[in-house]
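Pasting in a structure now, in structure tokens, and then I'll have a few things to ask.
A, B, C and D are the chain letters, set down in written order, and residue numbers restart from 1 in every chain.
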Amino acid sequence: MNNQLTYAMIGGGSGAFIGEVHRRAIALDGSASLVAGALSSTPERSMESAKQLGLPKDRSYRSYEELLSKESVRTDRVDFVVIVTPNDSHYPIAKAALEAGFHVVLDKPSTHTSGQSRELAAIAEANDLLCCVTYNYTGYPMIRQARAMIADGQLGDIRKVFVEYHQGWLASDLENSGQKQAAWRVDPERAGLGGALGDIGTHAENLAAFVTGLELESVCAQLNSFVPGRQLDDDASVLMNYAGGAKGVLTASQICIGRGNGLSIRVYGEKGGLEWAQENPDELTVTLLDGNPTIYSRGGPGLHDYAVISSRIPQGHPEGYLEAFANLYRGVADSITKKRAGERPTRLGELLPTIRDGECGVRFVEACVESAHKGCVVAL
Amino acid sequence: MNNQLTYAMIGGGSGAFIGEVHRRAIALDGSASLVAGALSSTPERSMESAKQLGLPKDRSYRSYEELLSKESVRTDRVDFVVIVTPNDSHYPIAKAALEAGFHVVLDKPSTHTSGQSRELAAIAEANDLLCCVTYNYTGYPMIRQARAMIADGQLGDIRKVFVEYHQGWLASDLENSGQKQAAWRVDPERAGLGGALGDIGTHAENLAAFVTGLELESVCAQLNSFVPGRQLDDDASVLMNYAGGAKGVLTASQICIGRGNGLSIRVYGEKGGLEWAQENPDELTVTLLDGNPTIYSRGGPGLHDYAVISSRIPQGHPEGYLEAFANLYRGVADSITKKRAGERPTRLGELLPTIRDGECGVRFVEACVESAHKGCVVAL
Amino acid sequence: MNNQLTYAMIGGGSGAFIGEVHRRAIALDGSASLVAGALSSTPERSMESAKQLGLPKDRSYRSYEELLSKESVRTDRVDFVVIVTPNDSHYPIAKAALEAGFHVVLDKPSTHTSGQSRELAAIAEANDLLCCVTYNYTGYPMIRQARAMIADGQLGDIRKVFVEYHQGWLASDLENSGQKQAAWRVDPERAGLGGALGDIGTHAENLAAFVTGLELESVCAQLNSFVPGRQLDDDASVLMNYAGGAKGVLTASQICIGRGNGLSIRVYGEKGGLEWAQENPDELTVTLLDGNPTIYSRGGPGLHDYAVISSRIPQGHPEGYLEAFANLYRGVADSITKKRAGERPTRLGELLPTIRDGECGVRFVEACVESAHKGCVVAL
Amino acid sequence: MNNQLTYAMIGGGSGAFIGEVHRRAIALDGSASLVAGALSSTPERSMESAKQLGLPKDRSYRSYEELLSKESVRTDRVDFVVIVTPNDSHYPIAKAALEAGFHVVLDKPSTHTSGQSRELAAIAEANDLLCCVTYNYTGYPMIRQARAMIADGQLGDIRKVFVEYHQGWLASDLENSGQKQAAWRVDPERAGLGGALGDIGTHAENLAAFVTGLELESVCAQLNSFVPGRQLDDDASVLMNYAGGAKGVLTASQICIGRGNGLSIRVYGEKGGLEWAQENPDELTVTLLDGNPTIYSRGGPGLHDYAVISSRIPQGHPEGYLEAFANLYRGVADSITKKRAGERPTRLGELLPTIRDGECGVRFVEACVESAHKGCVVAL
């Protein structure tokens, strides 16, 4: 908990949801200290939010441009920049930050087009900078256990993946009630091509890729807008073809009344199957061919090192969403520290989702939208 | 438990699985008495099985033809005939039985082609005969509760249905080990066009239709044969379009290691959602918009009459698969009794799945196979 | 399903709950045929009920005395007698039946006093007659699996047992509303010394004994009557000491609003633990020291022969209360058939609960009532 | 997240488990900043740990005495002191800290004797100082919801409480393997009178009191030491009598193989019942008389303000042990801030467990030990 690293936040001012999640996740492990910010899109609200968060005056910036230019020339410049603005501004800000030489952490989905993500990736890679995209569900210890078991061949060749992400909170036209979180998500200008697909479908797509290591080749998608007046999908179903012959079914929906944050994944291979659900994240059920289901749990016996290092407290003492999120930031801190020292990242760093994963996510959305429009299979 | 009705069984001799299920289900409520049979496809095994079951000698028949011709002329002829032979013989036997004037109960899927089912339906309807197809999962009390709540408008217009039927027992090539149940299911001659799709996918299709009352308009299907050497699908994923705009996702798979008999359904409407899983059949979770989930249970408070009459014992004393199956036979007995008396069937009879439902099931398989082959949406 | 055995029922006429459960359980497997009865305590209602059940006129008896005397002298006399009258008449009827040379199946709790049960046991044993007490929860396949695993030493020496039986249906004074099932249970004349303790606590006590094989040495009990006006306990908590040093906690309550039929057992030994709950009876969770929980399920892999023979249908097709109950009757039929043939009973017969178990149950109630009254530990 | 408050930690140096939990819990919400410490019982290890945590040199103390005397005279003295030393030193340190005028947060169980806790309470109250005892499970939002619903009369008068705390990690003699956490817990010198009873039984006792508001009058306890060589109990069962006639059963055990951190509570009143389990903390099941179970969840609809303010992120995004723990520290920070301002504490402060609760917990252990020794009921 020795805060040697420092960070700046762009976006995430008062009233924002995800900015606070990032700050708490960083604070939980003391991965870094927040010392600078341009917290809103208007100068006044930026300064007001900075004051509320207790930022030093000289590092409370009025715009991201000001932040990047002034931090660039400080000797104690921040180690990394966290970008939690609305989706539509991710690309220019991330680009500017990377070009200014900062490591970047970017909320997902990374950008509006996959080309933009590809471009960011190229800049980051050319400059040996971190550009992490917060696919936070990959931070759950038992998801990392699942990944390790599959990579280790314990399920054999993977045949089929079922991944779903079902919520119910957009079952009515909440966007017309003044709910800010709903409003931007259903607005193509701010959200991009995908509604539920972009907001949560990309988490599901990424989770399947992270757990199985499979590469998506093509999709056949159906997109629905059930709530009258919606322009973007609030429900998506996708049949997926992976390289090597594995198949997948992904469903993402925000009209499932009764579902809170129902992300789950089930993977079946020739030698075994596994099942995990985000609302009960500390457990992973694994069944080998001709055997009985075994329940692995965070902090319990028989875990892979990837799961062990992603856990803080003993078995049966629940960790949750913030802890999983915080595992990404431990990886960020670890990676930056190792880079500085000229060393290779440790396992926490290896597991970090990057802008390349973000690119895959945006490409997935693009392909699904095209498939749904044309009524046919579309290659990625 | 007053066995006034009698029945004959065709198929279901020693070693058969489903014949014994039917007999137990009928016996559980004393819905009818087994008094005659042509229990196997060979005369010797038919007579041997009849002896084992204690059938009277003069009603132990060597073939279904003999059974139908001799029972036809008895004054105490059986009230109905149960056909539990392999799929490929359903059509000729059922046709002969109906033409001989017997009420018929037919295992699902009803016939190899939807045209055959349509023909059986026409004969049954022309002669005022029952031709029930045993979509047994419709017999679960909480499924009937779900149907009643939706029909009553409690969920509002239905938007989306997720129905899945996942098993793991065919994840390896069990058919090559001499396992009889596996062998016929993977053989196109005996099983028909669909593998997992026909065997369990049709149960899922029917369950969705029964619960929601929606009519299927078109499908987009992906069929997979994961186990090397299989000719028929062992895994199927289907995107479904219902009349009126509702959508569905159906997955049926027999390679999901760790899954026993994982049939489940989730239905979401504009005003609420519900969820049910066959392995925990006595519970139904219902959530209304802006409310918390409520767990209805068999024998508990607040149930519709359809659920009440489908239950035998108090809340918390589990009923299962056989009890649900037996509910169909209570409906059969009830319908026949009412027909005789010239009365309308009661609710137990109204809920009976018929050969028209069987026709839908076979048509569903045909359309999915065509869709998977052509790679496009196919209308039913 | 060849009904070679026949039985008579005493009690269980129209309106009775448990009589019908017994009849269905026997019918499910065709363990025996009901051919005679004295179904009620008044001659008129006995005859009326017999007619409803379709019993032959000459075997529809007006009283149990008539039944026993007339059946005794028939050449086709029934093989066994099922006694499902109110608790207070169990003793005289069972005694008369045994003295008339009939095998007896007796609903639990066997008798009002443990001395009466001891006496019945002596008669049965002296005459080589079966006197089974229907502790029906011992019929669940996964309970039999638990018993076999513990007997086999897989959990090591047993240290602690938690058994509970919680219901909510008597949380209000249902007995004053005319509910027949409630009325006799709260009436000391008919129910005996124990309320919840006798009605369901004895099931819990027996289940713990059946699963662990441990012998109860002494108890310290607290009995409560929460609903105003109740004379008998509607809630009981018992600390139990077993021979050899194992300890147990048993709670039985009928005022737990929200609980249907919440019987569960958890057993912990030096080498492992197991958990089972009646409302999800097809699963048994077992954890060995330093291992992860494994879920055994009915019909699944790795089961002991005792569990295998107690199951009818494949994994994932739920069996329930009636199927478990029916397993006792398969044992009864098996035992009688073997006795006739001069052979030893098979495993189904070995597992049958007898009047000796009934005696333990009544002695348990007596000791708990004494302990609660005196406020101290009481030996059994 | 504006760290206006500061704190010092006594104990909790490298290798300690609970000290880090406290630090993370405080950091999660930025409730206060760690600025001083005496982190170990030896000066060298204290200084080493302080360095690891990045404490300023002039506030890295060699002993708690030094910390208290030097901090006392600073103008920027810490706002509160967190004491996370082994149980046996709680009393002298807390006394000294309170006498030096610091607000205190004390790990549970507060002291070795109830008299010591009473003394601390008197000092704290006389000086208007906070002396919080970290019964952290009271911090769970759904536990606070349960408390609010009961206080509001929604369950009617409470009749029965079942509270259990079952773990399996001490099922073998881990203390002889060098495991530090195990070693002190089984040592009467360091742990006090109770083993499992003191370590986890007091959490259960407190949880029942917090949720129901009931006052414990007397107990009848059975204490067991199953693992050979243990001096203290590793398993405890307690029958409890509350003022006003309610009854309770508390079981605490550390030999339950397969159980991680199985704390659960079930409360039944005349009008309803509720159930909660710590390993699934975001849900609370409530059933009203003659109704169906309803599942309340953190972040979901229909919650009391006490639950709402104790939650950070939306429904379905799991919060866990650390978040619940952190809720106590938000209450601590809130209370101190309000005290300074001369205002009454807000709800977060009202809910804080105090040294009076700690006193009840120690008294509970004392009474149980006496009851188990004497074999009779003992009043508190």
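Criterion: a contact is a pair of C-beta atoms (placed from the backbone, for glycine too) under 8 Å apart; a residue touches a chain by one contact, two chains touch by 3 or more.
All figures in this text were calculated on a predicted structure; none of them were measured in a lab.
When each chain is reduced to the average of its Cα atoms, C sits farthest from chain A. For chain pairs A-C and A-D, the one joined by more C-beta pairs in contact is A-D. Taking the mean of the C-alpha atoms as each chain's centre, chain A and chain C sit 55 Å apart. Between the CA-based centres of chain A and chain D the separation comes to 34 Å, rounded to the whole angstrom.
Counting partner chains per residue, chain A shows two or more touched chains at residues 259, 293, 297, 300.
Residues 159-160, 162, 164, 168, 171-172, 220, 222, 224, 226, 235, 237, 239, 247, 249, 251, 253, 255-259, 266, 268-275, 285-289, 293, 375-377 of chain B are the ones touching chain A in the complex. For chain C in complex with chain B, the touching residues are 1-4, 17, 20-21, 23-24, 27-30, 34, 52-54, 167, 169, 259-262, 278-282, 297, 299-300, 312-323. Against chain C, the residues of chain A that register as touching in their complex are 290-297, 300-302.
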